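Sharing a structure here in structure tokens format.
A, B, C, D, E and F are the chain letters, set down in written order, and residue numbers restart from 1 in every chain.
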């Protein structure tokens, strides 16, 4: 099993979600994070103009079994893409075990 | 002299209360919309209040209360600015001074534009809104107003609209309807199949506060429309106003409980406003019981028309049209059904004037909207809409320290 | 005529201010509770204001100011509805019209129920609350009111309660006490060993605003209780009211600084309210210095009784009982200690009537509560309480866009 | 008698409105600062209102309206407490009773301290602020006030300040300037190179509400400064006040759009306040057009002086100094430029008194600040500042349930 | 060392916390996330009824040394359980190193 | 590639950020979490004094290539340090793959 961490634009989230569903990945958790990276945005407040690299992004945590890894990644790569700096990243981490609390079942059947 | 002083004090207080309604509208609107558009909505409201007042000072006031008519009873002659000479003369009116008159009416004027501002929230280009608001407040509102309050042809017809169910609320409501028709719904308000989705408000407590503030403001809106402090008229007006508001809320809450099996606070709130708009046309004509009836029905109208708009794929985030347009029409007609003026003839007159107002507002509203669309476009581009207008148009967030969705 | 007009203007303004207090109560309550129950609290408040007014129109007003008595000086004859004929007669009273009278009193009535609403927040079934509120406002409040303001037997005894420390605030406070006794504390308010835990408020700024709005409302609550615009009486009343409020806040802030070595804003806020409730019984009887004393002591009472309730395992999220019940009692007794009426006899009369009111409210409150518990149950089930009443009973959240704990 | 009653009713209403301004200030301040200091700011405001009123009752009132002078026209004799005997005499003034007089003035007094409270937010030790506020309200404000309103030497010079552009707003503004000079900027307001950084407000909607509430309050602040309900004077005052506010907002919005190419709501808001402060000195002297001019210029002043303060490395989180000091000066001078009193001599008198006030406030302000710094220190330590004053000084959070940055 | 990620119902959090303490796991970090999965909840707003799979959940991140892994998981499995759809998941990931900032110490002693 | 998870005091964040930049780590994501551990803080509310171990902290997620691991960790260890209980922790987890959505590039070049 792998854990796929995707950091995407909040504005792309609904499309990404659709894309994931279309590859039967209907199980994940997400939350908002602040990202620091190449992208910068400008702001103005009371006459002070400033630009910041701290941008609100959405962080998706998706644990999938091997067969799903690739299509999940591709789905995100497609749907989160705009081509402008700041589209975000995807990271893949190993997962050793998984449990479904409701049924106590373990392994990949517990994922969905 | 004493009497003028008393009356004028009352009118000034009512003016202050009507002014305060703008906070009510602002709270209502930002609470029922998403946080990412909050600053944009507030900016629009601040603009409407400030620019509205200045414009009304420069043009509107004289256009609405014409000394002379260009087209008799239909279009007044424009005499810009205020008339300090007339102001000096205290015999101007025994109910208020010239200055009070202007300010009271000026506070009303902005209301019409504010009604539009709520309905078009979260997707309109701010410059386009500003243009629309200015044109509407400068032209449509004072002209329609002149027909009745400026003793124009509505007045001659025997039309009755005590404090503006039609002249203020419907006029604003019609404008809102026209603009959102051309503007289109917010992204995410309807799914592929056109079924309505819920875009929940970001700050219901502020909306609730807005409603109570509006109710308070109505003490002045209706109470001041007596145009004097006459004890029985003013106090009767406040009683009918409050009972209708209460009944409107109850009516909407009960109906939405029945229809949707849910205790829906936002419907309750809109119901209160519906009741207030509904009683506005006849607040000085009704007995308490009639006021309660008018309110109950207004509350029902709100709930049903919210659903109706969804059916028509029209997106009105704050329920401005159910409240101001539909309940405004209802209230105007109710003058022919309940209270001292009730009667078939009166009803027909009310109906006729409601119709004329509608046609006029739709036509001019359409012209204005299409004109603005041509010169400036109406809608922000999708990227800005998704990102939110606060960042896109104002470069900052409304709730800077808070984690938001 | 002029005088009636002036007086009536003042009374209408005070009515508006008392109405506005409902926003104050709403803000106070939602700010001191958790965000997951915000809509539920607002719904309750909206219900109390709207239904309260209509009920008072249908029954309460006549029950409170009885033309005839069933039991002389104790229970008035019920004559439903308002009396338009009486309203027409401007000689009804030189201080206000019939309509103003009704509306001013009607705004008071809802207050008693609102006091209960605060204390039972975050755990009561909404239908049960609605039932309790209706019964309490329809029966208990007007009957007790009739004893004094309806010139019943309190009046004959020589009892003095200017604007309702006992008749409004204590009555509400007693009701709150009874209901929370049967209702029990919120999950998480006391640990296994019964030690109080802190359930911090979710939006202190709104609570603070609520307190200032309530203070403003008290200009009308006390100022209007003069029942005319008499210059010296009204202005003295406002001075004592404001000084007591100020002193109450200072008293509570200082005492909680001393006891808990903490600058506690919520105590400061409750202290202000305690001072206001405390001065209410004798606002027109006191000199500034006495008003300051009464306020200081009221502030102290608030701080101590908040701790007392914790000791008694009674859970009053917003401090309604310390403020309205304990300070209400204090204020009523203070009329016998400070000011023009001070004296042992007066003190005993005040004491007696406080006692009678307490016994009556506890008995009827218990009957009502047990009745409602029997027919509808009092408390939401634990799952709903943990989840929050907004989702459980209203299907939506108060702060939709915000990330919450 | 009737006339006194009317006048007094108006004055009491204005008093209530001025009181309500304190909610406006509170909202404005907590909205433009970070959530971690919210409770601290509210605590300060509550303290200023409550303590301010009590102090003014004990000392200030008599110091400001001296029966006798110690230094003729400059320093009044202190007679503590209020004078119930004088209060009894209704011939005290035909515009209001003694009690009303005290309360109206008392509400003004706290304002000066509140202005300071905004500028020093987020970094001052609360005890030090309390000390500064008490000393400033007890000494500086009433003494300067006595020079003009107490018929002191400003009055003899022919100085004109209708409702306090100088006597209230500038006095507060000067105090704020002095204190923040010694206090220093908030951590993070300026980078290593001294360039200003943006510390965005945490709750702009509350700030916007604060501005509208302050505007409402100004109906009483200026309207009440007529000191009677004179129909033409009061209503003219309200018209000029509202037009100046509107123009101020527009002026600031337009200028910041031009300079920064941004539709900046907080500038719009400060502009409205600037317009209000600007018209305050001559609200009863101006024609609508002059009022609009005065407002427009005030709006421009706000935008420019916000930038100026940044240049000077002075940190004023809420824009108190641009609004109250700079626009206060502008408004005072404007009396010599526009309106009925316009003229070179008048202008020089206005200028002189502005200067004298400035020198006096700076000197006493410095003495007070340095004294307090010596005995208690001014600034919280860095750890507390980073953590936020709510946790550090009050042991709890303002928005307990919310996820914050 | 392992990192245990648990996604649970917010309403179960206090019990889970107690359970963890009872097995001497007094060290963890948590935050709120939105979960997508099998569970759906219904809402009503202004007459529009809708159901969503996006549900607020609490995410616990607990790094423990091997001997603690099993009892930690069991403690969560017990205490987070309700039996209804939506009880959540537990994932186990490998951790290569840990540091306590205060003491600079590394390894399992740094965990508590 | 490694994923470095750092849980630090919010009050130290700006210094940590500076320190990371100074070692060319300009790419990370962060969010706020509640931490349970040794540190306790006292509160008072309406006369009830209580102390809690649930403290707001900032969680940093930084994926770096091997050569960066050590200096990143050191940078945090230095800059987040106060010496008082509650300075926080750093955890290192393995990362198997990384993608930059904008360019689809993978591996360590995708990290910055």
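Note that a contact is a pair of C-beta atoms (placed from the backbone, for glycine too) under 8 Å apart; a residue touches a chain by one contact, two chains touch by 3 or more.
Just so we're clear, the structure is a prediction, and the values are computed from it rather than from any experiment.
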Joint neighbours of chain F and chain C, given as chain labels: D, E
Interface residue identity across copies chain C, chain D - same or different by half: different
Magnitude of the superposing rotation for chain B and chain C (Cα, nearest 5°): 120
Option reproducing the contacts of C-F, where over half of them reappear, out of A-B, B-E or C-E: B-E
Geometric centre distance via CA averages, chain F-chain D, whole Å: 44
Separation of mean Cα positions, chain D and chain A [Å, integer]: 50
Gap in Å, rounded to a whole number, between the CA centres of chain F and chain E: 19
Shared interface positions of chain E, touching two or more other chains: 31-32, 43-45, 93-94
Junction residues of chain D, two or more chains touched: 2, 6, 9, 13, 200, 203, 262, 264, 395-396, 399, 402-405
Topology of the chain contact graph, where touching chains are joined (line, ring, star, complete, other): other
Contacting chain pairs - touch in the sense defined above: A-B, A-D, A-E, A-F, B-C, B-D, B-E, C-D, C-E, C-F, D-F, E-F
Chain A - residues contacting chain E, complex: 1, 3, 17, 26-31, 61, 63, 93-102, 104, 110-112
Complex contacts: residues of chain A adjacent to chain F: 2, 5, 7-8, 31-38, 53, 57, 59, 73, 76-77, 80-94
Chain B - residues contacting chain E, complex: 196-198, 200, 256, 259-262, 264, 266-267, 303, 306-307, 310, 319
Chain B to chain D touching residues, read off their complex: 2, 4-6, 8-9, 12-13, 15-16, 19-20, 22-23, 26-27, 30, 38-39, 42-43, 46-47, 49-51, 53-54, 57, 81-82, 84, 87-88, 90, 96-100, 102-103, 106, 126, 203, 206, 393-403
Residues of chain E touching chain C in the complex: 11, 14, 32, 41-45
